[in-house]
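Take this structure first; my questions come after.
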Amino acid sequence: MLNKLPPVVVHLLAAVGALVLLVLLTFATDPFTNLRIATVGYYLIAVAGLALLTGFNGQVSLGHGAFMFIGAYTVALLVKRVPAFPIWADLLLATVAGGVAGLLAGAAAARLRGPYLAGATLALAVGLPAVTQRFPELLAGSNGLSFTVNSQPAGLVGTIPSTRWQAWIVWLAVLLALVVLANLARGKLGRTLRAVRDDEVAASLAGVHVGRTKILAFLVSSACGGLAGGLQAFLLGTAAPGSFTVALSLSLLAALVLGGLGSLWGALWGAIALVYFQVWTDDLAEVLSLRSDISDNLPLALYGVVLIVIVLAFPAGIQGGLRKLWVRVRRPAPSQRGEL
Amino acid sequence: MTTFVNLTLAGLSSGAVYAALGLSLVIIYRATRVVNFAQPALALISAYIAYSVTKGTGSYWLGFAAAIVVGTLLGLAVERLLIRPLRDAGELSAIIATLGLLLVLQAVSGMIWSNEPHAFSYAFDFRGRFSAADLFAVLAVVVTAAGVLLLFKFTSLGLRMRAAAFNPEVARLLGVRVGVMLTIGWGLASAVGSLAGMLAVPPFISPTTLDEVFVFALTAAVLGGLDNPLGTIIGGLALGIGLSYVSGLLGPELVPLAALAILVSVLAVRPAGLFGRATARRV
Amino acid sequence: MLEIEGVTAHYGLVRALSDVSLKVEEGSITAILGANGAGKTTLLRVISGLVRAGSGRVTAFGRDITAMPTDAIARFGVAHVPEGGGVIPELTVEENLRLGALWRSDRADRAKALDEVLELFPPLVPRRGKPAGTLSGGERQMLAIGRGLMGRPRLLLLDEPSLGLAPLVAARIMAVLRDLRADTGLTVLLVEQNARSALSISDHGFVLGLGEVVASDDAATLLADDQLRHAYLGF
């Protein structure tokens, strides 16, 4: 029956279902876990955006963290300077800001490929957060901007712990964005993105406007990044350049590769991994009484190892592995040797 | 006037470092068509080893030598263990693998030597407009670059390495041990990279010290054309001087973005870099 | 002396060679003929090690070279000049030539070989220091063959040396091969689509069809066999 409904409806229903499940989950868990659930949320949309750009469209971006930076600072500045705006307007503008930046980046990068593109986006990741030092009056330098957001309607304050409420807001935004993303990925744009990734010349011969497609991919992906950054700022109440290092961009890429490069579900596995690697290494550090030098760097070392292992042994990531399992469960494996 | 002279001289010595690190990237790219994103991390670990050796023995030059040796060995190991298995796996895999290595090595250096910056000495006196340290940097890079270029152009080893890079299959048919050539190429490149690291790190070493320099080195390599060593050296020096002006006139914080702007504008006009060879795509 | 026994080779799922067996006498010029896709190039690539045989054995000068790595086979005395020549365009003519002999330790002998090759192919002399990419098709083929000869091989494998060349140039190359055999006793295995030209200098010929040996005879007989020529050799 589900197959008969248009994909948009299916995605919306799935989103509503997921939201319901999440709300229930937040009731069943403590505030700490609620915060983690919310964190998985904004990482999910960040990695999903990267999945569209790098996975579907093949443009290797090492600068995704820069778009999160833009989104976070947009929200922070708006909350501080224009407190009259409701939070959803701030988040929307963060998304737009990310998108505009992505439009510019995509236009600049449209003719770049492979390592050239990776290098240019790396330069963006290194260079953009440094802007906070250049304009300290506006952007408060390395200390960053701190603020408080009261997003709960007056009637609900006190009845629901703020972390739970925040988790709902985050996931509402994330699921909405995911519905949009899933529709784009499933439809014509998704096919076009993949066509351009697989063979630009062939796609162009088939009538696809390659440059426009690549810029569009950047736009959508960085809008997701902007939203993710905005949600992070909303959740943490701060925006500081120290959160948006090169390591962040590389970690997002690691999460994408781990989850499965060309898939939105992979983004979910990757986001969960990002949050829980941190949790596990923190717990491990406590159990083993590791120095802070080791425990701080352990997650990064882990991501690096993950990237190497995945690329050497499991190129399709977690989602690829799951897909293979699913296929094998549904029908027995056909004979490997081709009969000639 | 003196400002411009100062800025130019400062740019020259930093440009020498970008040129050296860029050269190490180009050597590897020519040999294996891989951009070694882990290069700054290999140089970083070499520099940290130098730091520990110098601290332990009191000799800067002993540390320097240790850095070069360790760097070379690391480069050899990385090619043999990580890059060789991925030879047929496609461009994205090599990029991801070297990025993974970058993360691991940066994290490991933080684990062993802590994230806090340590003071790191220059080779020579660093005071003054164009100090002994600056002069050493420029000379060291020029001599190394000349050595590498001479190696490639005039020795049989260099000829074999070039052949292995340009056409590994044909090279094999001519009796060249291609695998060995690639490994040596990585070792050589890492040695050059470690030199660049030793010049770039002072006055402080920390896990993220070389991030910015790497971006500039990559920019220099791309500007010069990823397969053109001489172009990279020129590109590095020019970039160093240009960015020095940006730093002096617009503020040091904007330098990475300026590099990005330069990179994007040059590639927009000449997609293969200023001196690069654009290869026609086979359809 | 080269012996190939029961060699089978695949490209993915496609079988390129099926149980091919043939013998090449030392000091002879042997032609491998057949239509496009018959497996001629694959056969050479199996001998030089670029393609691993799925089954069967390749023996050269008494050594089993079936599993030897390509560069070792080259140093053993088997020179393979691939289709199109395989000249490295970024290197100069002289560098390409020198490359052919670098594995030999005797430097004086290497210099001598260079002089000899340049004598064999005079058109290369004025272009000695130029990048090989600036050469014409005929000059490139000469360069490729010359490069193969630099290592003083005992067995020379040539893949379609006259492809795309003007008839005069092709003829000159064939003449050089014939003289070489006469002067040095070099064994030559020659893959050609231009069967007439190949058979004119060969002692023996094998015809491949769809990966199998369909005929084996001395050259004169093959030339005279009209039916065979029409069926497999196109003339």
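Which chain is which? They are A, B and C, in the order written, and residues in each are numbered from 1.
To be clear about the criterion, a residue touches a chain if its C-beta (ideal position, glycine included) is under 8 Å from a C-beta of that chain, and two chains touch if they have at least 3 such contacts.
Fair warning: this is a prediction, and the values are worked out from it, not measured in the lab.
The most central chain, judged by the distance from its Cα centroid to the centroid of all protein Cα atoms shown, is B.
Of all chains, the one whose CA centroid is most distant from that of chain B is C.
This structure's chain pair with the greatest number of C-beta contacts is A-B.
Note on chain placement: the centre of chain B and the centre of chain C lie 42 Å apart, centres being C-alpha means. Per-chain Cα centroids separate chain A from chain B by 31 Å. We define each chain's centre as the mean of its Cα atoms; on that basis chain A and chain C are separated by 56 Å.
Residues of chain B touching chain A in their complex: 29, 35, 37, 82, 85-86, 89, 91-93, 95-97, 99-108, 110-112, 114-115, 207-208, 211-212, 214-215, 218-219, 222, 226, 251, 253-257, 259-260, 263-264, 267-268, 271, 281, 283.
Across the complex, chain C meets chain B through its residues 48-50, 69-71, 74-75, 79-80, 82, 86, 88, 90-91, 95, 98-100, 102-103, 147, 151.
Those residues of chain A that touch chain B in the shared complex are 58, 60, 62, 108-109, 111-112, 114-116, 118-120, 122-124, 126-128, 130-131, 133-134, 201, 245-247, 250-251, 253-254, 257, 293-294, 296-298, 300-301, 303-308, 310-312, 315.
Chain contact summary for the complex, chain B toward chain C: residues 156, 159-160, 162-163, 166-167, 169-178.
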